[in-house]
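Chain lettering (A, B, C and D) follows the sequence in which the chains are written, and residue indices restart at 1 in each chain.
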């Protein structure tokens, strides 16, 4: 299908968390996305841009404005945004309000990509495919499903995204 | 988007290869797909059916007839087929000739899912999303791209799928 | 060498940390040790006992008394203790003061065993071997080295154990 | 305990097997040992030398003579040899006959180190510790046990090393 280049915009979130023994804490670190794409042997054209490294609970309106601006200014029309899961739907609404004519797919992970047992690679694969195949609009690829980005919520206790 | 159930039909291939020390050889083993879907925390409805465990170089016309029959008889209209990569495009042609009105996405892996550095999880994620989002037809999700299943070939030396 | 059974006593620490999305935090979880030993295809006789699930910074004198009591009461004379790294040397001193005639090896990890890139499996292997081969006493197996448990400290900034 | 440098001599075997899609086969590849030691955060002094890349069933008397010569000439007295498992005990006998005054520990893996579920890291950790702690002689570290290298055999059907 489309072979136009895909942009992957990283903003942080659990997908990029690493463990720092010296601090006994987890922190969002250099994005795991380039390593995931290398392991996936992606040869379709893409570029990765790190926009910020934030837990999604810490994202402000200003951060969301930055994300929207980056999406508007990008030459690509097919874009994956990696993002913390807790406020992913809020960012989806901001994008829907601010960006038109592009296929934008948000994804992330419930367990860090650096974990052996993580949903990160699968989710990134879903987002990559959805960015190529789905019509313009805002989508969320999580829990094995490509959701309309405005008709989904995270059920935090259950650890899954569900339609609304 | 669609939440109709997804069928995953496994046929073997590198994605399911395991190592048997007693034989000093690799063999296609119990499919790695259920474990990949569990790790991906897929909560969208799906079922997995193991149809055969074959290297795709060993697939016969009779095997392909079996695959086509299974696809026709399945109640699902959104189907992922995991398959060895070497003759994936040949099976795509057989499916295109024999199945209509369903979205069928073939995928596999260049390195076994049981390897730490495998493209399996990403590819399966791509296929899962494409099965939900793409229109009816036969697609191949490999190398970071969702291809028209009739317009792609494997460049074996380069280890990638390319459009034709 | 010795084939007398090995006891593995787990007390928690980074080696057993898992991530809980619903809490956006990491917590010490069911020990990763049994899975590590299964993956290592250990057929030498052993048993695993979970004594506590604590970050080693939270261990109290009462906890250390419990550990010492468990080591004294165990029928095994070759024992591995998995433990958080920050106060591992303090527990080593408590054991040296309270247990005699047994080979006791403390180990742990700087990155959780559930991470793909963890030192856990290697460290547990070191401890297992040292428990079989080393003379009675208290040892610490970390950073690729088997240390006398009373002559080692953790250099937290450098993320390594060094002799003193 | 000993902090004298450890030599790791790699000879091939399953531990170093990788999968080559273009050939649809597994081959012994660049040794996985340096990556395993990096992941294990080994800071104790060591060096790794690749001597050959062979399946142990293919090792000849001349190969074993090379291994013995490398062990004799090495300045280190504590040495780990990674080796295929099928003829590991035969090489142990050759080493016992040809090298004196050094602690030499053979190890390997029943599943390639590049597999997520491999015994490689644990086994290498066992060997590293045994090389530091065991007296001079030839040892085999497999199946969770440090064996006298002359009193052990591989039970190939059971996939384990057992004492003889």
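Keep in mind that, in the parts below, contacts are C-beta pairs under 8 Å (C-beta built on N, C-alpha and C of every residue); 3 or more make two chains touch, one makes a residue touch a chain.
The chain lineup, named per UniProt: A, B, C, D = Asparaginase.
Computed from a predicted structure; not experimentally measured.
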Intersection of contact sets, subunit A (Asparaginase) vs subunit C (Asparaginase), gives none
Length of the line joining the C-alpha centres of subunit C (Asparaginase) and subunit D (Asparaginase), rounded to whole Å:
25
Centroid distance [mean C-alpha coordinates] between subunit C (Asparaginase) and subunit B (Asparaginase), Å:
43
For subunit D (Asparaginase), jot down the residues that touch at least 2 other chains.
110, 116-117, 159
Set of all touching chain pairs, with the criterion as stated earlier
A-B, A-C, B-D, C-D
Show me the residue ranges of subunit C (Asparaginase) that touch subunit D (Asparaginase) in the complex, using the header's touch definition.
1, 3, 6, 36-37, 39-44, 46, 110, 116-119, 121-130, 132-134, 139, 141, 143-148, 159-163
Subunit B (Asparaginase) partner, complex, touching residues on subunit D (Asparaginase) are 14, 17, 19, 21-22, 24, 26, 55, 57, 85-86, 110-112, 114-117, 156-157, 159
